[in-house]
Amino acid sequence: MTGATGREQPGGDGRVGSPYGPGPLVEVRGLTARAGTATLLDGVDLTVTPGTATALVGPSGSGKTTAALALLGEAAPGVRLAGSVRVGGVAVVDDDGPAAGAADVRGRLLAYMPQHPAHALNPARRIGAVLTELARLHRPFGTGGRSAAEAYAAGALHTAGLTPDPGGKGKGMDGGGEQGGGVSAAEGRALRRRFPHQFSGGQRQRVALAQALACGPRVLVLDEPSTGLDTVARARLAGQLNRLVADGFGVLLLSHDHDLVRAVAPRTVLLDRGRVAATGATADVLPPPRPAPQRPYADRPLPPPAAGDTAVPALVAHGLTAWLRTGRRGAVLHDVSVTVPEGGCVAVVGPSGSGKTVLARCLAGLHERHGGRLVLRGEPLPVLRRRTARQIRGVQYVWQEVRGSFDERRTVLEQVARTAVRLRGLPAPEAAERARRIAERLGLTPAQLTRYAAELSGGELQRAALVRALLAEPDVLVCDEITTALDATATALVTAEIARLRERGTAVLWIGHDLALVEELADTVVILDAGSVVEAGNCRTVLASPRSGTARLLLRSRRLGAEVPAVPPEAESPEAVPPETAPPEVRPPSETDSPVHREDRPQP
Amino acid sequence: MLRYTLRRCAWTVVQLAVLAVVVFALTNLLPGDAATVDFNEQAGLEQVAELRAQMGLDRPWGERLLDWAYGVAHGDLGTSLVGGGPVSGVLAASIGVTATLAAVTLLLLVPLATAVGLLTGLRAGGRTDRAVSAVTLTLTSVPDFVLALLLVAFFSLRLGWLPSTWVGVDGAWWERPELFVLPVAVLLARTVCTLSRQVRAGTIAALHSGWAVQARRLGVPRGRLVLRHVLPNAAVPGVQELARTGDQLLGGVLVVEAVFAIPGTATALVEAVQNRDVPTVQGLALALAAVACLLNLGADLVTRRLAPRTEVLR
Amino acid sequence: MKAARVANGARVVNGVRALVERVRRVARVRRDGPVRGVPRGSRARRGRALGGGLLLVPPVAAALLGPFLAPDPVPSDGAPYAPDEGPLGTDALGRDVLALVLRGGASALGVACAAVALAVVLGGALGLAAAASRSRRVDDLLIRPVELLLPLPSLLVISLVGVGWRGHPVAVALAVAALNVPAVARLLRAAALDAASGPVAEAMRLQGESRARVLFGHVGRAVLPVAAADAGTRVGTAVFTVAAANFLGLGLDPTSPDWGVVIAASREALFVQPWAVCAPTLLLVMFTVGANLLADGLLGGGAVGGARTGSGARTGDGRTGGGRGDGKATA
Amino acid sequence: ESAGSSGGTGSGGPRRGGSLRAAFPGAGVKETMDPHAQRQFVDIARHKAVFDKLVDLDATLRPVPRLARSWTSDRTARVWRFELREAAFHDGHVLDADDVLYSLSRILSPDAADHLAKHSLSHIDLRESRAVGARGVEIALDRPDAELPTLLAMTGTAVVRKGWDDPEHPVGTGPFRFVSFTAGRSFTARRFDDHWAGAPHVDEVRVLSADTEARAAAVRGGEVHYAHELTPTFARTVAHDSRVRVVATKRSGVQGFALKTDRPPFDDPRAALAVKLLVDRERLVEVVCAGRAEVGNDLYGKGYAYYPSGLEQRERDVAEARRLLRRTGLFNKKVSFHTSTAADGFAQAAHLFTEQAGEAGLRVDVTNGPPESYFTDVLTRGTVTNHRCGAMPIPTYLSERLLTDAPQNATAWHDRDFDASYADARAVVDTGDRTARYRKVQTTLRDRGGLVLWAHPEWLNAVARTLHGVREAPPNTVDWARFDTVWLD
């Protein structure tokens, strides 16, 4: 399969010398965006040139997504655009707003990967069909027709880093036998025959990326492409982006992940409250990489109950096994045990698709097809629909794909405040007041809260979701990758809030890929792979001297930046892991083949 | 999928069994019986009693039902109380026309309703939408027999283009497509609206979803977006409605059969009800119910494919 | 303004609040300005609602006020089917068609609306509950018994009711409702499955919202357009079920002033005394078309605040006008 | 191929050839080709094409010879002798006395519950009946009956071939030879050239079943040439139609109300009289029959043999009716009216009756019953019911509807004296005497009975302009549904 894709690898057809010449493909001049009286963007200038990567960074809510959408001639409801955006010489936005040429540019010259890909995948269509369709749409495949397009689509999936995983099939990765020589064609096809709901959050992210790639555009606009990716996958992504740039793609990268920006983009535009605060070489614009993570919490003394094993367990999961289908078919979690002590913080880490979300949903009672025991403060905890109000309040969950969890018909505040009304019996005005207070601590203004979800930025919404859970004053808070859309400042606000909670005795189960943050927050870490716990223990110990292969791999790819351009292929390959030091024999899924480094490279 | 299909099939059998009992009970609840009806206006009560005994209607109903069920289990739908012929004969003689009529209507209905639904859904609120919606709605709101009378008055009596009824058409109806034009037109008028409005609603909802917008961002042209991306999602309520349309069609077919004097199953069923011909009612109802069940089964399977996410839940 | 809005909203019942909110938002979007598509969409929607409302006036007024204006029973004092006696002529019994039309609306619309309302309430509750139930057993328990009725040919039921209960309005209403319940339940279950299993519903449950509220507040609202589109056409069908039963000679009282009955009973005089057929038909057409347009206008295509992923795609009436770009390109 | 003018009925005389299509109200699977089990007009029309009776009825419901050339009875009217015509069956066999006797025995067969004439012919003594020579039949009766020829003209009395018992393959002496038949749909028969009355004009006749709407459309659309039984409204619709004309037969039956005389309040003849006085006959005729009827005088069979002439027309007298109602304690009381849609105009008549009774102070409670079994139901149900009857000889009407043991006694008229005087009258051989006795019987009924007969409606058939020779004739008479004497342009 990989061989077949060689010539048709996205970006591999060497279109560098295209009629657009070497000049900038995307030119943004004086772009402004207004919603009512608010100014979301104010005179933004930006250029994207083929063969280079440009980063657009800035705090959450600074207008990155708005700017990126403007490149496509789009704006959120009620948002008016003005200024000039030209793509490939075609005016996409002029002073009257979006221009007629926009439709012509989309997909062909410019492909956009949205910030919340879960929403962007058609639930009724197999991913492969859509990819093939996109590939055929924008590229003449001549006689090879359908099969060539299919191969191209498969290539796009590879490039996006999505490889078959055992999640939906109920077999572990542990055996590893069949993965040794790469993915079989049948497995690739099976992967492409899956529906979007059959993927984990991080995998969906990559499907969305693959869709953008399948169009074979000249410029890729990627909105937070690394959310939901484990460190290994993120490293691969960085490598892949670099390669795409080398192949002549233009890349506009919207990200909070400074390490990724440093690794990929030589030029950066910094946005702040809708204005361009700085433009220039990445090293100049971004603050220097932190030598060691700031530890606003770890520097403080730990509250006594959080002291590891001696603490009272707030929530215990015992031998949790979870299935996807009825009749105990399609297992995704195998005999997982987790204990979250009162006031403690347990981090769950693992490659994308390893079952973290399923675990979290089991704890929240949302995933009903599970076996094993859940115990909350000494009492057995049933599934959500059998929980008492007290028990519901006891365990709160913050969604990974937060956009979907908000109702489009009510304002954010209305929805958020209901937690306090229902679970704590507060009158509505007071609940709203409390919600506003917590939101304020997380950096959200009351005005933002009274908007609809569609009118908030990704990061803002993520924090609103946290507010929703916090209003319950839960005993256990389950956070599923809740800082992926946040900049450093906002992250600090969130971690501070978590710390405050823990002081009050709330236990936290933290799911995240950002190991620095995990190290900073958690006492204990549990490493999941393919639905099983491969390692668990004190956070610092595990991160300092990992015993499992999975942990080691994750840690090795941890640092990503100018000084570590990409993960050397050898380091990733299965043979590089000494067999005796990888007890459960787990490799991250991304490991199972390395299309990136092999035949995929376009042969000039 | 296979497990699901099997489960649904088993359920269909249960449905049909329960239905047979319900139909039997309902028909027996009707005032009068085949004997009274048969001698209406012609004979006295003694003769009626004599006939009743001859038809075996004086036996307890449980016995009659069991007899019938035994027959059905052995592939025998029973004997008509009125004509004296086998019920399967009544069915065989009438099903062809009705099935053809329904099939032709469905063949035209599905693309037409889809097209209308998409068109109005895509232009929701626009002038086209309003105009087309108003027309289809008006067509559904005019009783089908009035519509049929008007069509006949215009196309048959005034213009003389099409036959006004099937009176005198014996066999070989399939060689005369012009016979179908007006009946199918009436049936379509009745159903297009219902279905197209479901597709319209589905389309509007689907067009709003994130993935539709994303597909557009990736340069999927409008036509393709609508057909390949929006339609599969928009079709879910439509497919369910379509299954139900089968039944609606039957109701429409009845009126159409009456107006155009088409010798179909619907007429046979109503006539059997009027004759209190319980075995025939049951046989026909069972056959029609089986078709309805099949349609529903199909609709469920298609829905499952179109909304695959539900599999996780159920 | 927003704060006031919220404080205000907190006091009112949620449904009403949402509606008010909606209206305000539409207004706000309009005020906000010259974004192409937005005001046009909402205006079109309002036009639709207004048109629907206007169409509804004559039939509803006839049904509600008619009984006070026309004598009961309508005296039979004219020549049969005389087109020029009285404004709308007379019917087969020489009764004034205008008086009949005024008398017969209440039962025609009443039976149909009651039947459909009953069907939508029962079927909707069942369908939504089944969609929202997490266990398959509950789902089966709710939907299977109803499905038993599904294959029952409606024609058979109507003929049974017509023959057995002489088309008593209550019997007809119940029969029509019973026939529609399974269809509505299944339709709404199918339409609601997604919303009911989606993260919004989960989030609400995790907030301790009551089942009913999740069901009707969220899932119900999500399927509202589908339900409305469905119910609208059902009303029309329901009215004519009565007429059709009569047409088929299933023994309803052909002298009743019910619109459906008058239409069916006078149909043979379509070319002699057209008003006897056309007047009630027109009113029914107005009612069905009006009700549907009004529902469309009020419900629009969905929420105003669209999905963020759909940014730029949503306009007031839910037109997608990736819209604006495309619109310009194609215009 | 001469250009036949389609102007008048008699233009150019009969033409041979063509296929005639006639539409009748269908009865679905109930339809039969067994001439002794016939129920519906469509059956009778079909059987009439294939079979013949011994005797038929003319327009005044008097017997006219058909297969029987002539008949005589002994003085007591107990033994009848019929002279047969030389008529050939379709299979070539020539009609003889055995065929007649076989037909009678088949009609009277004890296991055939559905043979209609069984009841009225039950007094035939088959053992005593016999053939007399080649062309003569002697029929013996249990009791005297001067009306035997009329009875032999009733429905379900066709003569079949000896030994014939296969409705799938009907063989008769009729003007058309059977070709095919599908119950509820159609029937086709070809001309029988050896018919005793001469070959029919048309080559083929098709009798088709269709509902009212379809018949109306089909005859207007030219798909059929003859449509049986249409409504007055249809007649109005086609009043100016150049393709269709309406053949209206006056006095082809009766419409009325039946009051149950065996129970209060109408066991009191004064109460019944009150009702007879309060109905507004003109209005009923105007509305229910759209004016296409003659006002009835509570007597059956206006214009038929034995109709008592010279009785004064009963007029509406609300004051007198009210007085009688008061006297019988019925004023402002309720009576129940059991109606149905079994026949056109029933429910409408009930509606008008309610209005008219209200004007005289009688309240009516209308219930709408199932049409399919209505005529059987009303034998036991309701105080007032609708009544209608097609054309039949007056004595038959009396015997079938008014005798104590009559099968269709809708007024529950149980009067021994009445029964006796009717039986006496019927046994009288002398026509004049018999007529006088019938008159007395009928006047008694008119004064004391429960029948309120307010209209003799017209029978409306539609005929295409291309069809000629269709005569006005009440249903069940010899010229009705007769297709051997008509021709097509």
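When the chains are written out, they are named A, B, C and D in that same order, and each has its own residue count from 1.
Basically, contacts are C-beta pairs under 8 Å (C-beta built on N, C-alpha and C of every residue); 3 or more make two chains touch, one makes a residue touch a chain.
Note that the structure is a prediction, hence the values are computed from the model and not measured.
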item: Shared chain contacts [subunit A and subunit C, defined touch]; value: B
item: Of C-D and B-D, pair with higher C-beta contact tally; value: B-D
item: Most widely separated chain from subunit A, with each centre as the mean of CA atoms; value: D
item: Distance from subunit D to subunit A - Cα centre to Cα centre, in angstrom; value: 89
item: Centroid distance [mean C-alpha coordinates] between subunit D and subunit B, Å; value: 40
item: Chain centre separation (subunit C, subunit D; CA means) in Å; value: 50
item: Geometric centre distance via CA averages, subunit B-subunit A, whole Å; value: 50
item: Multi-chain contact sites of subunit D, meaning residues that touch two or more partners; value: 213, 369-372
item: Numbers and ranges of subunit C residues touching at least 2 other chains; value: 134, 136, 163-164, 194, 267, 271, 302, 306-314, 322, 326
item: Subunit A, residues touching no fewer than two other chains; value: 72, 74, 103, 114, 116, 119-120, 123, 326
item: All chain pairs that touch each other; value: A-B, A-C, B-C, B-D, C-D
item: Subunit C residues touching subunit D - in the complex, by the definition given at the top; value: 73, 75-76, 79-81, 92-94, 163-164, 166-167, 249, 251-255, 267-269, 271-272
item: Subunit A residues touching subunit B - in the complex, by the definition given at the top; value: 72, 74, 103, 106-108, 111-112, 114, 116, 119-125, 130, 133-134, 137-138, 195, 197, 208, 211-212, 215, 324-326
item: Subunit B to subunit A touching residues, read off their complex; value: 209-221, 224, 228-229, 232-233, 306-309, 311-312, 314
item: Touching residues on subunit C, where the partner in the complex is subunit B; value: 41, 44-45, 47-48, 51, 134, 136, 139, 144, 147-148, 150-160, 163-164, 183, 186-187, 190-191, 193-194, 197, 225-226, 228-230, 232-233, 236-237, 240-241, 243-244, 247-248, 250, 260, 263-264, 267, 270-271, 277, 281, 284-285, 287-289, 292-293, 296, 300-302, 306-314, 317-320, 322, 326
item: Parts of subunit D lying in touch with subunit C, wherever the complex brings them together; value: 212-213, 216, 231, 233-234, 236-237, 286-287, 290, 340-341, 347-348, 350-352, 355, 366-372
